[in-house]
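Two complexes follow with subunit A in common, the first pairing it with subunit B and the second with subunit C.
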Partner chain A sequence: MNKTQQLHAWLLLLPALVMLAAFTHIPAVQTLLHSFYDNPRGGNPASFVGMENFQYLYEDEVFWQVLWNNAWYAIVTVPVSIVLALVMALWVNARLPGRGIVRLAYFTPTVLPMIAVANIWLFFYTPEIGLFNNVLNMFGFDGQNWLGDPDFALPSLMVMTIWKEAGFFMIFYLAALQGLDNSLYEAAAIENASRWQVFRRITWPLLMPTTLFILINALINAFKLVDHLFILTKGGPNNASNLLLYYIYENAFSFFDSAYAATLTSVMLIILALLAWVQFGILDKRVHYR
Partner chain B sequence: MISLLKNDAAAVHQSLHEQISWAEKLAAWVLGLLWILPLLFAFWAAFHPAEYTTSFDFFAPLTLEHFVSAWEQAPFAAYMFNTLGITTLILACQLVLCTLAGYALARVPFRGQGIVMALVMMQLMVMPEVLIVENYRTLAELNLIDTWTGVGLPYMASAFGIFLMRQTFAMVPQALDDAARVEGCNRLQVLWRVYVPQAKPVYLAYGLVSISYHWNNFLWPLVVTNTEASRPLTVGMAIFGAPESGVDWPVICAGTLIAVSPLLAAFLIFQKQFVQSFMRAGIK
Partner chain C sequence: MLRKLPRRLSQVGRVLAATVAAVGLSTAVQAQKTELTMYYPVAVGGPLTKVVDGLIEGFEQKNPDIDVSAIYAGNYNDARVKALAALKSGKPAQLSVMFSIDVHELMGQDAIVAFDDLVKTPEEKQWLSSFYPTLMQNGKVNGKTYGIPFQRSTIVMYYNKDAFRAAGLDPETPPKSWDELVAAGKKLTKRDASGKVSQWGAMIPSTGYPYWMFGALTKQNGEVLMSQDGTKTFFDKPGVVEALSFWKDLGSKHQIMPEGTVEWGTLRQNFLEGKTAMMWHSTGNLTAVKKNAKFDFGVAMLPAQKEFGSPTGGGNFYIFKKSSDAEKQAAMRLIKYMTAPEQAASWSKATGYMGVSEDAYKTASLYDYVQKFPAAAVARDQLKYATAELSTHQAGRVRKLLDDAIQAVLTGEKDAQAALSSAQSQADRILKRYR
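For the complex of A and B:
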């Protein structure tokens, strides 16, 4: 480790570190700081207000509803997309006629912009002429006002999210499946193990690291992917389908309350820090694949 | 783990394909059909007269009128030009920044390496989307609101890219590095002549993942763009499809197809590379 080498290393890292600091580290710290200040008003700069914003947050019913929505959204969409992704991967990894086409179909939502396909999904959900209600009517059921009914708005968003995510996660399972060691399966065949036994005893344990990797990514996505809200529900009706990042956006750019937006972003940062801690502190230590 | 994919193991996974029942095969196909249904529907609605939007008649006449009116109602050419410009700008900067940083982390030992790595990895959790409020403030101070650079800046140093390049460069044999040194190459020349050529497939993989991410990115561009001068396709689509703008369904479907067609075409042509890229990129 001589001096020139150290200098070279830092020079090579400099551009990337400057950008990371400017758009990740400094703004993250600024967010935490700003959550203790109020909004600058009429030429007066923002003043320190201590825990006032957090007091407001604690009493803000919409915040609790949004947090609750987001928790539900994660609890439903994450496991369902992971299970679907695994089933898809097992299917397109098996002897299936037209395997390439099926794999392509599963993967297509991943390359389509959420915002553009949300327009199509909006049509599916439309009460009068929408596809879902047409299908329901065909079987003699009454249609629903999917996006306008507080009970159905959030589940409707979940369905679209699962559609968008499952094919993406499938790819990681597929990669893992194709990298698995064959000899274990040959041994299982000699032992006459049933398909379920093979899956339960060999495939699933070997896929564990992939599952955890997907799990963390899916959880992060559950908090950062809100594009479809802009088209489908705008968080409504009456915040029934509002999610944390969308609420942050609303506060910052619709209500122009950047102090409260910073407070909400702090909550988001705490959630992400917890996820990071779970991943690097606990899971990575217990599951090692090499 | 990347090495596992490099040899593509066609022979290995051939024997792994297990037999499944016809019921499962059917289920796999039905699910596949469900998954492309939105896209199929968009094609149906966009190419047929409005009265056939909800009634599926095999002999319905074809028409291009919806594409014409979509094209007339929104400046798609300008949006597409912006998306292309922004995506290219981001990718070009990412490739340079991630290559330099990845190389330093893989092959130039220095004090504080662990801390730098941890600082980089933080961005995997705290993506620019989360920090829209503060980043908007920064961009406003830099006078970069409503510019391509403004849309691109927060994404140019990508933790994912740095990590991917570090992993790739760390697997290049040290002997090649030493040999180039003996011949008198300096550090940047070694990087350019030895490491970069070895990492070509990873660059392709990263490029495809980055392009499809930024082609589809919405929230940050929405916040930071105001006019047609910098507005990308996704933001344009959101305005175009808004109920207030009073556009009817077939036209929205036609607009959607216009917006997704370049990426969709690229995806269909390079589907093998796309799928492999996402697989390669996801494995660490």
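For the complex of A and C:
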């Protein structure tokens, strides 16, 4: 590349670079710096406190509980919604009558705003008048206090998240499935391969790039989707369903403790960076791109 | 639709006329017009934003030199977040309705001014002392008034009179003590042959604002949760622990309330569908219950153990420091208008929130309303037993400590003594430096 071309390239990158720097990179660095300071109080500027915030974080039981909750939340919702998405995509990719409607039905949860949906699910979960308990009662089972019992609160959130996410991921799988080369399947038919062999040897490997893409998105979402907490549980009872980002929000806006919120955010950034590194650095090598 | 058309057309006509007039006059008027931005929260159901819009419209008609944009900002937390965010950005609000218990926090941020420094004329000073003193408790710090009561409540007990009759209880004598509550609750809890409950005796919500409900139980047991200056909490006093054990017992021992937590947001629906015979809830729900209840219902003061009691609750008006003197004066005129007896009366009728002054209940409209619908006066009558709502420095964090402790006990994770002792020692650690 000669100099003019390089200049052109940089000029073309500039708008995106400015936006990214202004709204992502600079705030991230500022957050990291802020986590080493305390809160400005009554006109006094913030002062440097070193690792004090991180010391507090280490001793904060709620933080560890929230982190643990979030780990469980990711471990359950990510694989389940990916498997469901794949099954749904394979199903609606087949030539079945009315598949347009089925596709639409699967995609609907994604279109609805999370807050609105959570308000409806709140009534699904309500013990006395809720849908779930009424259905269970119909079949002679006892209902549960879904959101009011620490054992069920987080799983209840997971169910709603999976319902919300699976349809979204299905779209990616569906798009990928439509792009697969039909001749491979014809070859498999000539070889008399079983349906499982076709899936295992052709469909699944060819879908790997899509799976990786979805996996990254699902993992990030597991840390960043907390809208429903505001409506459903507010992290309760006693933090049983509290997640990291919601805890950050509480610290920043309910407790006005921006220093500790910055500390928590730094931890979250580090976790997400690690996850991204694992995915791009290690998994990427095992993915088959055409 | 068609019937509304002429009105629509005339509205359009009025808007057009106003626009033409405004364009013509704009240069002259805008020079003097004071513009106010105000955030306000809605924490209970119902179309309350319309009511506020109506009040604001009335004010603007009487005060053409002031232009108010009232912005609905979600629940109390959201309203505070938005108002403070606006303050930090270049476009601050001049006044807002926010949680009455935010006062220490707002002062800590150096965001608000005392009304004592704004009132000048004797008439204004008179206005400042016209409110129920109990409603001023959460708005006063070091003898100065920072919050003017607006959408204020106490917790009241709604009960289903039909269910009372069906259970052989007198619908005109709701339980007045904890023992009576338990006794009535046991009669009201209906179980089928397999032991499944189809109607609970009582529900006290324990999500959203558990510390608020708990404030009622502790007051009834003769205790308060914090010192007036907001630097000390009393979470581990024996009377407080006892109150929490009683709350827990309602579910586990007496079994007149579901175990685990009871959701704030769906409780009213539970009551309206007859799933609970009694509920403790904000009086701000009264008008919505009145409109939607298909059965005969009553409203009573909360029952007593050692004494009657409920915390006050709800939102106050605050004026922000970052406003010009003209804006502060305009803001005060707006607040004076909104809290004047006539407006306070119509606000109370539309919502169930209290009329904030004695004079509000003397207006013809609210007087008649209370005569016909005595339930509307219960919250007011309860005021003489009421105490301030939990409000300390670092209020959000301290509140969460108590909320978590309450929920841990109600869900059976900890016993009351352990949970409250640990909450108290953590609160002490936070509040130490404010003493």
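Points worth noting:
By definition in this document, the second predicted complex is superposed on the first by the 269 of 290 C-alpha atoms of A that agree within 3 Å, B and C clash if a C-alpha of one lies under 4 Å from a C-alpha of the other, contacts with A are read in each partner's own complex, and residues count from 1 in each chain.
Throughout what follows, a residue touches a chain if its C-beta (ideal position, glycine included) is under 8 Å from a C-beta of that chain, and two chains touch if they have at least 3 such contacts.
Every value quoted in this text rests on a predicted model; they were computed, and no experiment measured them.
In the superposition on chain A, A:A71 contacts neither subunit B nor subunit C.
In the superposed pair of complexes, A:T24 makes contact with subunit B only, with no contact to subunit C. In the overlay built on the shared chain, the residue A:V111 is in contact with subunit B alone; subunit C does not reach it. When the two structures are aligned on the shared chain, A:F253 is found in touch with subunit B and with subunit C.
Touch criterion met: A:I129 reaches subunit B and subunit C at once. More residues of subunit A are in touch with B than with the other of subunit B and subunit C. When the two structures are aligned on the shared chain, A:F213 is found in touch with subunit B, with no touch to subunit C. Judged by the touch definition given at the top, the superposed model places A:V83 against neither subunit B nor subunit C. In the superposition on chain A, A:F172 makes contact with subunit B only, not with subunit C.
In the overlay built on the shared chain, the residue A:M51 is in contact with neither subunit B nor subunit C. Overlap of the subunit B and subunit C interfaces on subunit A comprises residues 122-123, 129, 231, 253.
Residues of subunit C touching subunit A in their complex: 77, 80-81, 105, 108-110, 196, 200, 206-208, 258-263, 265-266, 269-270, 273, 275-276, 394, 396-397, 400, 403-405, 407-408, 410-411, 413. Those residues of subunit A whose C-beta lies close enough to touch subunit C in the complex are 41-43, 62, 122-123, 126-129, 137, 142, 145, 147-150, 231, 233-234, 236-240, 250, 253-257.
Residues of subunit B touching subunit A in their complex: 1, 4-5, 9, 12-13, 15-20, 24-25, 27-29, 31-33, 35-36, 38-39, 41-42, 45, 53-54, 96-98, 100-101, 103-105, 108-111, 116, 119-120, 122-123, 125-138, 153-154, 156-157, 159, 162, 187, 212, 215-216, 218-219, 222-223, 233-235, 237-238, 241, 249, 252-253, 255-256, 259-260, 263-264, 267, 271, 274-275, 278-280, 282-284. Here subunit A touches subunit B in the complex through residues 1, 5-6, 8-10, 12-13, 15-20, 22-28, 30-31, 34, 88, 91-98, 101-124, 129, 131, 134, 163, 167-168, 171-172, 174-180, 182, 185, 195, 213, 220, 223-224, 226-227, 230-231, 245, 248-249, 252-253, 258, 261-262, 265, 268-269, 272-273, 275-276, 289, going by the rule given at the top.
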